[in-house]
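Beneath this line is the structure, given in structure tokens, with notes to follow.
Chain lettering (A, B, C, D and E) follows the sequence in which the chains are written, and residue indices restart at 1 in each chain.
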Amino acid sequence: MIPIDDSPLTRDGKVLILAYDHGLEHGPVDFEDVPESANPEHVFDVATHDAVTSLAVQKGIAEAYYPSYEDDVNLLAKLNGTSNLWRGEPDSAVNWSVDYAHEIGADSIGFTVYGGSNNEIEMVEEWREAQEKAREYGMATVMWSYPRGQGLRNANTPGSIAYSARLGLELGADVAKVKYPGSQEAMEETVRVAGKTKVVMSGGSKRSDEEFLSNVKSVIDAGGAGLAVGRNIFQRENPERILDALEKVIFEESTVEEALDAAEAAAPEAE
Amino acid sequence: MIPIDDSPLTRDGKVLILAYDHGLEHGPVDFEDVPESANPEHVFDVATHDAVTSLAVQKGIAEAYYPSYEDDVNLLAKLNGTSNLWRGEPDSAVNWSVDYAHEIGADSIGFTVYGGSNNEIEMVEEWREAQEKAREYGMATVMWSYPRGQGLRNANTPGSIAYSARLGLELGADVAKVKYPGSQEAMEETVRVAGKTKVVMSGGSKRSDEEFLSNVKSVIDAGGAGLAVGRNIFQRENPERILDALEKVIFEESTVEEALDAAEAAAPEAE
Amino acid sequence: MIPIDDSPLTRDGKVLILAYDHGLEHGPVDFEDVPESANPEHVFDVATHDAVTSLAVQKGIAEAYYPSYEDDVNLLAKLNGTSNLWRGEPDSAVNWSVDYAHEIGADSIGFTVYGGSNNEIEMVEEWREAQEKAREYGMATVMWSYPRGQGLRNANTPGSIAYSARLGLELGADVAKVKYPGSQEAMEETVRVAGKTKVVMSGGSKRSDEEFLSNVKSVIDAGGAGLAVGRNIFQRENPERILDALEKVIFEESTVEEALDAAEAAAPEAE
Amino acid sequence: MIPIDDSPLTRDGKVLILAYDHGLEHGPVDFEDVPESANPEHVFDVATHDAVTSLAVQKGIAEAYYPSYEDDVNLLAKLNGTSNLWRGEPDSAVNWSVDYAHEIGADSIGFTVYGGSNNEIEMVEEWREAQEKAREYGMATVMWSYPRGQGLRNANTPGSIAYSARLGLELGADVAKVKYPGSQEAMEETVRVAGKTKVVMSGGSKRSDEEFLSNVKSVIDAGGAGLAVGRNIFQRENPERILDALEKVIFEESTVEEALDAAEAAAPEAE
Amino acid sequence: MIPIDDSPLTRDGKVLILAYDHGLEHGPVDFEDVPESANPEHVFDVATHDAVTSLAVQKGIAEAYYPSYEDDVNLLAKLNGTSNLWRGEPDSAVNWSVDYAHEIGADSIGFTVYGGSNNEIEMVEEWREAQEKAREYGMATVMWSYPRGQGLRNANTPGSIAYSARLGLELGADVAKVKYPGSQEAMEETVRVAGKTKVVMSGGSKRSDEEFLSNVKSVIDAGGAGLAVGRNIFQRENPERILDALEKVIFEESTVEEALDAAEAAAPEAE
């Protein structure tokens, strides 16, 4: 972990990553409710919102769409990922070299590590290579740190999630993206054991504005750095509205209620 | 994906790849009905037809025959492929380096990815290396994207085929070659989720002129870029006739009937 | 093995490594009894004690905290390690390259080898690469040499532990870190077969001051070079007190009683 | 495949490779009937016969004996091969790098590929590396193309043998060494589907002069380029005699009877 | 195989390698009978005897002790080896690079190959890399060639041992170290099929002076080049005495009786 508060991945030390690799990880099914979300241009447009500190995509999306947005979007190169057509022990292919990510203009790299998988050792060694190469370029490093796999006893206990955040610190991640551990207290412990590594919550599947914002607020109150979110943005009809609210909660220390009111005032929800 | 409308792989933004790697993938049995099709010279001659934007072959065929055709044929280097003597979980050997393909004069590369195979991760990482090396040379990239393997639930559903086209986009293919998903509507969805990546239909096994051209027409009407075809050309006694018709359907917005009439006028079928 | 008595890893030929990779190897659970031990700054502060000849940490911890301590702490780069989320045949991921460890300022490298594991051959070959690269930089090499794995009949017999020390000598470790073999006599034999390779005892799980110091004394009396210790330091409320005592036993030839008395005088234990 | 009629591997476009890697592949048992055949000098002497266009040996034999014969023998470096002490799924170790083969003075390389083996993909990728490196040096490439392995249904049918010759063409072999497919008609088909790649028959186990020469004649009449032969030469008491006859059949369009008569006249067989 | 009669590995074309890697291969148990044999200095001292043409050790032993003996001992770098803590299919880790062995001052390399093991192919390919690198430095190459493994039918028949010597020749060993095949006649055949590769007998477990010397004499009489021996030297109380006798048998064409008498005269055995 190195200091990244001057990097484009952060704003006032906080982080809001818009993640958009679902077309690879889950397939087009994730775009069904909001069909325009299949179009990367739509999501790049959303990522120009001031609240978004970075947009995480796979190589092909970056090659095709980032050139039109390089002045307005900070690019986070999600280096590995795997389709869910394949259903074996958790693993993730390295789809993008750091050299080429840097050439395309990425400011930071993202990398999934499945602690507890039978492929943990291989994944962690691939992370090593990517992390050290990123250091040569001065790129920030984000670990998607998810306990998952055959060897694992308790994937989603607070203990496992705290452990996954610590893996981020021990292995050199500037930011660790982890599951919400179920309570603010558990999140505090997760943040504490991650030391100088920033902890951000993984957005997860779509839920109501209030429930989602409450989770985020709890992360911030626990000392977390913010959020890496996909479906809770692009599966909404009005992503700008939820981004307005997130901006208040993450960067302006607002309560959930204040954030929702402000968003409602700016862009009233259709009845 | 990068823009390739200026590349020799396309004509007016459309694509007709003549694929001729059947001697490796299926063996000489594919040449039985039209014995001269075993002779690469015969197929290179066919590929000089104006409708063909590129000829896809393995390394050995290119080494031996391309030097005589380099002024008349655009070469697509099919980099991987495997005999069907071997019958394990879908996989494909990398038979040709991008460096050597470029040296021989290829304008673009082709690469098979079996999404859902237990070898998906290895194949996708081999694709990464080839794709990024191709970028260094400015070569266009074509993914033969076929869901296939033990881990797969539904290989040929419209959903799986749309997913395979999306893999092309996410992983940096300029063109994704996919199976026909069964209807024009499903093809439209496949083209839509592939974004800027061009979608071409895999020709598949031989069928009647009319049935085949109707499939191609449906691809074009769905917004697809064209076709990658082998057996439906070289297993015909008169490949020029079907190429005349394909040229009308793909590049001249003709109906199937117009295309067949024009082809018949130019080269009447023996009765 | 090369002479290292001039290296910062030693003091008067003796060694006291403070090991702090438990956040990776065991997870945050190791910090529960003394919560501040989760904070690397706390442990770096402890490592400034004169008795500590080196602090062993993983890459991420070094990146984040070593820059503030580089004048006061000698850094030992623990290159490999694995979470216990994964529960397969003993193995260890290489998390840190020697090049980058040297760049960050490490004076020496640490590497785990599980003799008897089905992964012994792979681990030993990874050790080879690290050891030879360390030689290029003139860094000292420490092998965490633990018999462990499916192929092993007797992991913790004196014979296996002596064998593990000999592995350190044969494979080029300057220091071999081994389990305490149960008696001073067995430790003497372990030291004897290790030849010029220095032998240090692995601290193991926490025990009483007297029991712990007696083990250390027995190592010194057996001709061992000292100790590599984690939990017996950072899981104590007053790590300075036990370090005062260790300094006496390891570097000043004191008895356990003298060491405890001196430590008590300097920092009386609360009653 | 590239044109090799100017290479030392051919004479008038025909090929007679003397193969002598049996000491590795089968062990000393192959030398029992003619004990002097265990001595590489004996076989190098045989290889100075005008009929032999190249001698195929493993690295160690070339290192030790080729320096004395470099003016009189063309060296074909057989790069891979495996003892039959090991009895797993067909595979072959790469025992010799192309760089070193070139340094020692080899004009061409030989490489075994077992199509249908579970190791086919690995072997074919090793072939790729060797073949492309050989191209850098302008060395001719010979594929020992033998269908063999668990995944194979019919290893020695005419169809499988034709397929194996086609693999040579598709994968860039200048010469494909295949089993005799049982009839001249089948050999014609094999030669036809191999296109510009020359097809040579594998000599196989020892048989009578007449039977052996009839097979060779049938290969030549079928348009094949010749023969790669070991045991049918060095397991004969008088290898020169059979080489005289082979020279007539392969290079001088003689019948089997003419060849035998001429050989008998030059070196009458003891009665 | 290249000529090595000018190399320090030989004396008058004969070879006596003192092998001392038992601390790795067997563990300290091999030093129990003669405890000082655990001390490499003791064995280096023994190796200064004129009869010893080379001392074979692992990397760590060479790093630590060879600098004091470089004027008096020729170093053979035993590159691979494995502890017997692990009990899987025969294999051997590569513990030492040729580059580093050369840097430390080794004149020759040693490498174990287990023909018939499921790891034969991997081991042979590792041998290839080491052997070809050794050629760049002009270092002699010695193959410890032992048939061993699951795939093997007859590991210690004369046929298997002759085969293992032939592997040395085919794969480029200057010296093949093999088991004694049970009779002088079998040894003659082994030497014969090894061609220009020198054959040395592996010393094996300790036996009486007379029995041991008779085996060695039989190797010499069979045309073998000598001996690679460990336990039959360092497990003796008076290694100089047996080396005196070996010198007579190997280099001076003495009978066993003459050799024993001369040794007895020089250093009478305590009664």
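The rule is simple: a residue touches a chain if its C-beta (ideal position, glycine included) is under 8 Å from a C-beta of that chain, and two chains touch if they have at least 3 such contacts.
Computed from a prediction, not measured in an experiment: that's the story for all the values here.
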If a chain touches subunit A and subunit C alike, it appears here: none
For the sequence-identical pair subunit C and subunit D, determine the rotation angle of the Cα superposition and round it to the nearest 5 degrees. 145
Centroid distance [mean C-alpha coordinates] between subunit E and subunit B, Å: 59
Would you kindly tell me how far, in whole Å, the mean C-alpha position of subunit B lies from that of subunit A? 36
Contacts with two or more other chains occur in subunit C at residues none
Listed round the ring from subunit C, going first to subunit E, the chains are C, E, D, B, A
Mind pulling up the subunit E residues that touch subunit C in the complex? 21, 23-24, 27-29, 31, 35, 38-40, 58-61, 63-65, 81-83, 85-88, 91-97, 100
Per the contact definition, I'd like the list of subunit B residues that touch subunit A in the complex. 1-2, 115-118, 120-122, 124-125, 128, 131-132, 135, 147, 149, 151-152, 159-160, 162-163, 166-173, 189, 192-193, 195-197
